[in-house]
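Below: one structure, written as structure tokens.
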Amino acid sequence: MTDQPRRDSTVLAGAGAVSADPVGVGTDLNLTYESGLELKARSQWSYARIRFFRHRLALVSLAILFLTAIVALRPGWFAPEGPNDQDLLNIAAGPSMDHLMGTDLLGRDYLSRVIFGLQTSLWVAFFVAILSTIVGTAIGAMAGYYGGIVDNLLMRFTDLILTLPTLAVLLAAGAFLGQQGQSLGPISISQPMVIALILAFLFWTQLARIVRGVFLSLREKEFVEAAKASGGSDSRIIIRHILPNCVGPIVVTTTLVIAAAILTEAALSFLGFGIQPPEPALGNLIAEGNVGGLGYWWLVTFPGIVIVIIALAVNFIGDGMRDALDPTQRVRA
Amino acid sequence: MPEPVLSIRDLTVEFKTEDGVVRAVTDVTYDLFPGETLGIVGESGSGKSVSVMTMLGLVPMPPGKLVGGEALYKGRDLLKIPKKELRNIRGGEVAMIFQDPMTSLNPVFKIGDQISEALQTHRDGLSDGDARKKTIELLELVGVPYAERRYDQYPHEFSGGMRQRAMIAMAIANDPTVLIADEPTTALDVTIQAQIIEVMRAAQDETNAATILITHDLGLVAELADRVVVMYAGRVVELGDVHTIFNSPRHPYTVGLMNSLARVDLDREWLEPIPGQPPSMISPPPGCAFHPRCAFSRGRERCRTEIPPLRGFGDGLAHLSACHFAEELEAQHVTAALALEPS
Amino acid sequence: MLTYVVRRLLYSIVVLFAASFIIFFFVSVSNDPLSFLRMQPTASEITIENISERKHLDEPIPVRYLYWVQDMFTNQFGTTTIGDRPILPDLTRVMGHTLQLVIAAELIAILLAIGIGVYSALRQYSAFDYSATTFSFVGLATPVFWLALMLQVLFVNIYLWFDIRIFYTANLSGIDPGTGLSFLLDRAQHLGLPVITLAIASIATYSRFMRASMLEVVNSDYVRTARAKGLHERKVTMRHAFRNALIPLVTIIALNLGALLSGAVVTETVFALDGMGFYYYNQLLLGDPYPVMAWLMVVATLVVVFNLVADIAYGILDPRVRYD
């Protein structure tokens, strides 16, 4: 893994400088051997940066996602009206200059509703991504590092989850567990948070498998043996020595989980087993819009377009990340 | 001198890569005469196999791009003839053995069927039964035991050495006039290498094909080749018969190669590596591409500015070298001179 | 091979039981299956108590689970909580409709995706390749339910503007569809939009996969060998490259079955199609754990069987695979 991102350079630039920078420190070295024989030694990260920035779609997507995130952080600044303010003169009006996305059946400005819905949906998606990444990494690392029974239990549990149709199970969980907020002793969990927890519960398995794979292949390597021989504790070896080698796959998988979480949450909320009104989310906005029938096309169309744009942007970023960080997984294009 | 069966003339090929355009071979010229074995030697990335791959239309274009040159086989330029004619020659009169037998056979087809396919492609109306019979004969010829049974096995049931034997059988199936072996032993264990060299010899005897042997292994060249082409950074830097190249090389790079070779006939304390790294193919050094690594070029302006042309030496000028100062190179003396590390 | 299949099936049974218990636990722990009924003013206290007794709702969850297991084996998944309606007959009826939908959608999707993927790989960076890649990316980013809605909006508007009615609502059990050609036409008009929806989602996944796998194979050493033999380019592609590129697709298609049946929940609900997915949705709305459990068990079993079929198909396509 450490050497992989340099493969192109070794062949093409004749960079024999691979040995000059074996751990990938953050600086660029410039070794001038003789005239015409410039060997540019770049660190792993600068190669990753270069690759990512070459990916123009990923850059545009990053900008879009960044803007969306700002809007979602402070919806009040961007929404022209409050999410529940009614304009009784314009009930169920189509898109116009006054209401860019029209108004809903109660005369509420739909753009504002979509912006507040975006806040909930994005928040849930990021929460799912972070939580499932932590859980998946921890479980994968332990399974791969310790092997044996721990590993066995994890893999059996993963098999179990793979056997189940994810969305159907999530719908059941949403229907039976997630209709209202829950409280665990003194901690009260809001309803969207319950949905996020349910999603995270099924979304960590893929990452766990990937991290486990890296750990399995690295735990026998010399540098791990050396760290053990010099008295490093298990947690130190896991965190300091092996985990940095998984950063690429972890970042890529996390990005893709965000997209999956947005799409899945939307489906759940649309069917009424995800985020419950009056809390607006992109999925339940579409469901509300659909109640009035297909004549009110804007109520169904606009939140959907927002979902597609976000999911598209996240997928492009994931693609760029994979090119940049994980060239071994890249299909030679 | 007899007519060459194959002549490569001024072949130049480029590749478009993520980092810029790479000129893989520049003005490569050499001949292959009937019945002889021509060794092409060089480091990885020196363009050894690009010339033959281009000739056979096996270089994907793009990213590859033919800039110029010709490849004359029996007077016809293989780079210009229609695809259909090239297909008839490829695998028929001109056949190829590849480097890695582990990946060069299709994993989902039986070994025997893959060889029979080569036969049936070039012989119209050859029945399945006859193809099978002929394939089994070929497998026996290259030393695959129980050929009858192994015909129906898949590549993963063959060892590396056995797979390379199968590849050789496939290559000689249609009695080729020209046989091209691209690093045929590199991917194999040392003990297996010796066996494969024997099989190569037997295959040559059987078909009497003129052979191009592409390798970085000078030992293999000494063993099998009649003449040698030395390549560096996409250019031919030296060309001559195997004795001349080994005994009185006229290019500092060849000298360096000889010095880095373990030889039993010379009493040497240690092996001399060539200092430095192969050059960047995107921005090759100006002048002679080898000069940054060449102790012989110290302080000589010409090496840095002027690309040396190939010049003839010896009997009938058959020994070619692309060094400005080839005259000064006398093998027995330069060995000591080159032992100096570049500052 | 036979021992492999038997061992896999035995193992799957264990997995299915473990899964069923976990799901049973979660659907039972925080939910009162009678809450829907309690809200009905017509439901008497006695009715509710009767149901409660029949379903052993006052027992602890593990005991209820065991009753459920017993019901599953001796009584074909038992009955619904409300109405005491046998579950299995309903489930088999809707399953037929869903199978028509899923099989039609998958056949279309697989054929088109293979074509698109192979052609994209062979003409890499062509206009076709870029269009296919764009389609695939957008397809993967589009929620299935929204796609279904958009198709409805589109065809409803076509009807309103041009008075052309291409598709009908997906009421499969209503009017007699007739036989022969008229049956096929009727099905096509009723199932058309749901099939298109599901197929688009599948094509987006499969074509991208096929393209990647084909690209990898096209640049492989053995394809170069095939070319070096002098084979016609068509034979190189179709015989040597295609055959190998197909192998990973088999696994993806099999693994996608679970996702497909989940997708059917969304699609059938949008189109109000009387299939498994709509059935599941309605049972979730009622909050009745028993039909939900039955549905999940049937689907999980299908997934297990399909994975096994995929494994065997994989072994037929790829001689390197050993069953041990």
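Observations on the model:
Each chain gets a letter, A, B and C, in the order it is written, and its residues are counted from 1.
We adopt the following convention: contacts are C-beta pairs under 8 Å (C-beta built on N, C-alpha and C of every residue); 3 or more make two chains touch, one makes a residue touch a chain.
Treat the numbers as computed from the prediction; the structure is a model and nothing was measured.
The innermost chain, defined by the distance from its C-alpha mean to the mean of all protein C-alpha atoms, is A.
Here the two chains linked by the largest count of contacting C-beta pairs are A-C. Computed centre separation for the pair subunit B/subunit C is 54 angstrom, with centres defined by C-alpha atoms.
Centroids built from CA atoms put subunit C at 25 Å from subunit A.
We define each chain's centre as the mean of its Cα atoms; on that basis subunit A and subunit B are separated by 49 Å.
Of all residues in subunit A, none touches 2 or more other chains. Shared interface positions of subunit C, defined as residues touching 2 or more other chains, are 219. The touching residues of subunit C, counted against subunit A in their complex, run 12, 15-16, 18-19, 22-23, 26-27, 29-31, 124, 137-138, 140-146, 149-150, 152-153, 156-157, 212, 215-216, 219, 255, 258-259, 261-263, 265-266, 269, 280-281, 284-285, 287, 289, 292, 295-296, 299-300, 303-304. Subunit B meets subunit C in the complex at residues 56-58, 60, 83, 87-92, 95-96, 98, 100, 103-109, 117-118, 121-122, 154, 156, 167, 170.
Those residues of subunit A lying in contact with subunit C across their complex are 156, 159-160, 162-169, 171-173, 175-177, 182, 259, 263, 266-267, 270-273, 283, 286, 290, 294, 297, 300-301, 304, 307-309, 311-312, 315-316, 331-333. Subunit C makes touch with subunit B in their complex at residues 219-233, 240, 243-244, 247, 317-320.
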